[in-house]
Amino acid sequence: MSLKDMRRSRLGFLRALVIAGRSGRVTRRYPYEEPLVTSDFRGKIDIDETKCIGCGACVNACPPNALELINTRDGYVSLRYFVGRCIFCWRCIDVCPTGAIKGTREFELATNDISDLYDIIVHEPNRCRECGKLFSTKRMGDYVVTKSPLVENYVDLDPDCRRNRFLKAIENRFGGRVG
Amino acid sequence: MGKPKFLGKSIWVFHLNTGSCNGCDIEVLDVLTPYHDAERFGVKLVVSPRHADAALLTGPITLESLPKVLRAIEAMPRPRIIIALGSCACGGNIWHSSYSVIGGVPELLKILKERGIEVDGVYYVPGCPVRPESIVYAVGLIKGLVPKKIKPKVKKVGR
Amino acid sequence: MIEYLVFSIVFIALSLLIPPLMDGIERKIRARVHSRIGPPITQTWYDLLKLFEKELVIPEGGLHIIILSLLYVMLAILTIVFTVSMVLMGYHYVLIVIITLFLFVQAIFTTIPFITSNPFAIIGASREVILALVNEVFFVIILGLYMYFTGSPGLLLGSTSLLRASVILLVITLFVSAYVASGRIPFDIAEAEPELASGALIEFSGPILGIFMYSNFIKRLFVKLVPSMLILLPFISNWLYLLIGSFIMAIILWILYGLIAALLGRTRVDIAPTSILKIYIPFITVSILLYLTGY
Amino acid sequence: MDAISKYIETIKAVEPRADIHVSDDTVYATVSSSKLRDLAKAIYWDMDCFFRTCAGSDERSINGFYALYHIFGDDHNGLNIVLKVYADPNNPTLPSIVDIVPAADWCEMEARDLLGIEFSGRKQYRLILPPYWPKDLYPLRKEVSYDVKPQVIISSEKVGFWDRTSAGVAIPIGPYHPALHEPEYFELYVEGERVVDVRYRGFHVHRGIEKLGESKLTYQQVNFVAERICGICGFEHSVCYAQAIEKAAGIEIPERAKFIRSIVLEVERIHSHLLWIGVAVHLLGYDTGFMHTWRIREHVMIIAEMLTGSRKTYGINLIGGVRKDINEEKKQRVLDVLKIVEKEFTELVKTMVDVPQIMKRLKGTGILPREDARKLSVVGPTARGSGLDRDVRRDLPYAAYSYVDFNVPVYDDGDNLSRFLVRVDEVYESISIIRQLLDQLPQGPIMIEEFDIPEGRMAVSVVEAPRGEDIHFVITGRGKPYRWKVRAPTYQNIPALRVMLRDQPLADAPLTIASIDPCFSCTDRVFIVDKNGYKKRLDPILYRWR
């Protein structure tokens, strides 16, 4: 349809009253009334600390770095979720191997203190049974073992010791120095 | 300066887009429209920082807009508050580390402090983009109508 | 006599309290036309009180602005005081004084922005001048004709000539003039938000802004009160009832004006004067013709 | 094939040594810089193409040179022509084509700002980066990290918004102005209330998106950045990026995903146009119209949230398909909402045009004549309001647009009313398109997960956003784009404002600026200014520091 040829009436602007009358007051009295949030809405994510293994898959997928793995000075690994930077794309949910991350409809996130927006899971680190260095997380080790039990011998070793051990094993088998 | 009695009843907002994608800015307008109607809480968008009680910042604050933001905040009469709207303003969003932005209101506060520009309160409203309801909730929080729901969580987990 | 004094004080107090409340009601009505809830009717009072609590920032122009703004609010209040006392105390000839005062108020309002150097304020003020040149001049012309037709320089319940159509036409024109003078859409071109960022008031903040807004509300009441009185004059002979009647009529007018403003868009400064003149000139011409033929 | 060989012939005629290859609808030609100007002339003028954009690229790690890609477009045959020239890595200087293709002005300056490629034969100036950015730091060079934060000294926080010494009265519109919801700066020179000249300074929203996409993020993450180029027409950018990568890598996505993309694109168009109509009448002081348009728009926002999970920046697009499916219940809901929107919108628009001030101020203001529109090759509703029949959805069909019938509304007057009517008509067209798409929605998967993206492929992708056409140009790299270039429609349209605003009343300036539906957050990627036919140049002004 084209409005160009539409007949205009002089008092047509009064129709606004009709429109207003028919539609009534549409305002949602939120916060006193239910908000207009559909069940499909993507809100804040909720990380189940009983399932999280600290693998960092979500950290790699997260476009804005709202999820970060932080190595503290004492060797602890923590997964930090900063709601203030989250874009609520839920890519982390897609990639989480253990299903620890769940989406919620939560949007009431306003605060007057920025520290409220941090959600931190501190994982107990794995301790290398040879050099005693702290690395990765215990949960991660357990998870790897359940997925592929063959690596059990190496799971308690930090990456350097693991490599050394591996090279040594090859050395023993072939009787010569490798690498 | 005593605690203003009527600030809670009438919040005049000056909206500054500091490099936002427009998503939050449109939701700011949306909040004034019939379904959400922030005016019922006495919220009004004003057009001059001199009339404003609150600076509504959207965007990660680009270098280009930084001087104007500082100037606008300086022009606001005290008491003045800053509302950081959206993930960009709260934490810098995807561009938090980009070369042409300062990375959100936490960084801005440092610069404000350096220059001796005081503000009387900062509110953070995450969301990308912020839902209109989130903004209404934030208004409720400023007015003290709703409790703060989000708390920092630190959980230590073992094996 | 003493009861008139008491009535005066009551009415003056009312007319100082009511205008912001009426603005609150107008906002509520506008919200209803927008299909939303809108602010509480006391909202405008909250806004004003909040502005008075804010820090006092002396704008560019310094002391001039403060003195002028105080003068502005005093004159605005004086117009109301004179209007009320004129009716109650029987000083009917001061109608002409009130008109003069009102013109002073308008003049101050249009000049203040010129003191600041903000380009928006200056454009806003120059638009106000253009509009005032048409509207306020006709306001005076209409009142002058009114006085000539009724044969009195004041608010006198005179002859039956008051009922004559020519006078009624004049008063109707006065209602249009009151609408334009109240700065509502479509004639809010001086404060036009999208173009001029609230124009004349852009540089003011805190209490000074509060004073300006408050005076504007009083002015809005005044411009409705005077025509209401003039039109009710032939029908109500008791002065007290006349005053009450015109207050009620002013309130009804306020609501009606608010409703009309919600249904229209903003005009442009080059269109506005001609569209006002298109109403004024025929009405006044017919009125004069009627007067001449009926005399 | 006919048209393609014609282009190959033309290029060969000017530059026999050109290295030409063709893929899909794009002709790539590597030419020597000495022949660039002749080729630009042959393609832009003789072949009657228009200029899409140019993109600089740092390819020193691949072939040891900087490269510049000039991208031309031919809508009639649905073709893109890409001319590539190399620049010396030590002293990158290339001939400017601005005097032949005026539209290349700002994108050349962008390449200079971000990559340090100098252009000979033209006036050069700082465009994108802030005035206090260090002179020899070029963010898009590969050795520069995305998070470089030079110690910038902001001279003063007091910005001279207007220049009191200059002749005439300068009226600043922006950077923070109620008519603009984004920080951009227009300086209108007025005599009385009449605008005599306009100057513009943008790039307040430059966030370094391209650099992030090329350095920090992975292929799939870039989708989410692309979406945040613009909060209103973000999905178009995201689709455009995903299509560019899919085209470069030869990925064929499922039919159902194509349909869902088109449906969401049209939902976005409806909400964007409703938004614009609301803002336009608000600028005319008709707040009742604004409120009711947005009330109707809220229905659309609810279905957008239902279909995608977010009210804006939908986040459902990935390379290879979409993340969220449409079920029967949602389909029904969308159809119901469309019925309501159509009915209420018709009634509201009828009411709006009956408001005397609206009609008076829309009609005959902000006129962009057809010739000027062609010269400036404006896009989107701005072009269609000036009688140019251009729409990428029809001319270079993508996603599922080849399956639907729709009209492209065109009005000839070129005034604000025409642009208003184009958008009104497009709302109806979009409603009809969504109905057709939902009706034909094929079954099947919505995403393919297994694919790989080879390095060093190029593609140009064009998508019709509510404001005009988005252009994304990508060169693939390892795990992330090697070069990703974005051109949003508003760049093309901003120069037209100069024509529209001149000799107009100041009161109409905000509406006229709004009438191109400017989207500055997109625009601050690239700019193109066409000064053809105008004596004065549109110089971006620098701020005057007090």
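We call the chains A, B, C and D, going by the order they appear; numbering starts again at 1 in every chain.
Methods note: a contact is a pair of C-beta atoms (placed from the backbone, for glycine too) under 8 Å apart; a residue touches a chain by one contact, two chains touch by 3 or more.
In this text the structure is predicted, and so the values were computed from the model without any measurement.
Chemist: Which of the two pairs, A-B or B-C, is linked by more C-beta contacts?
Modeler: A-B
Chemist: In angstrom, rounded to a whole number, how far apart do the mean CA points of chain A and chain B lie?
Modeler: A distance of 25 Å separates the two centres.
Chemist: Could you grab the centroid distance between chain B and chain C? Build each centroid from C-alpha atoms only and quote it in angstrom.
Modeler: 38
Chemist: Can you work out the whole-Å distance between the CA centroids of chain B and chain D?
Modeler: Taking the mean C-alpha position of each chain, the two centres sit 29 Å apart.
Chemist: How many angstrom lie between the centres of chain C and chain D, each centre taken as the mean Cα position?
Modeler: The answer is 48 Å.
Chemist: So which bits of chain C are touching at least two other chains?
Modeler: As it turns out, chain C has residues touching two or more other chains at 33-37, 193, 197, 262-264.
Chemist: Going by the touch rule set out above, which residues of chain A reach two or more other chains?
Modeler: 13, 16, 19-20, 23, 25-27, 36-37, 41, 63-64, 87-88
Chemist: Among the residues of chain B, which ones contact at least 2 other chains?
Modeler: Answer for chain B, listing residues that touch two or more other chains: 33-35, 37, 40, 47, 93-94, 97, 128, 131.
Chemist: Among line, ring, star, complete and other, which one matches the pattern of chain touches?
Modeler: complete
Chemist: For the complex, give me every residue of chain B touching chain A.
Modeler: Contacts found on chain B: 34-37, 40, 87, 90-94, 96-97, 104, 106, 121-128, 131, 133-134, 136-138, 140-141, 145-146, 148-159.
Chemist: Quick check: in the complex, which residue numbers of chain C touch chain A?
Modeler: Against chain A, the touching part of chain C is residues 32-37, 262-264.
Chemist: Looking at the complex, which residues from chain C come into contact with chain D?
Modeler: Chain C reaches chain D through residues 30, 33-36, 117, 119-120, 123, 127, 185-186, 188-189, 192-195, 197, 262-271.
Chemist: Under the definition above, what is the set of chain B residues touching chain D in their complex?
Modeler: 14-27, 29-30, 33-35, 45, 47, 49, 59-60, 62-68, 70-72, 74, 93-95, 97-101, 115, 128-129, 131
Chemist: State the interface residues of chain D toward chain C in the complex, per the touch definition above.
Modeler: 162, 164, 169-172, 177-179, 193, 281-289, 291-292, 295, 355-358, 360-361, 505-511
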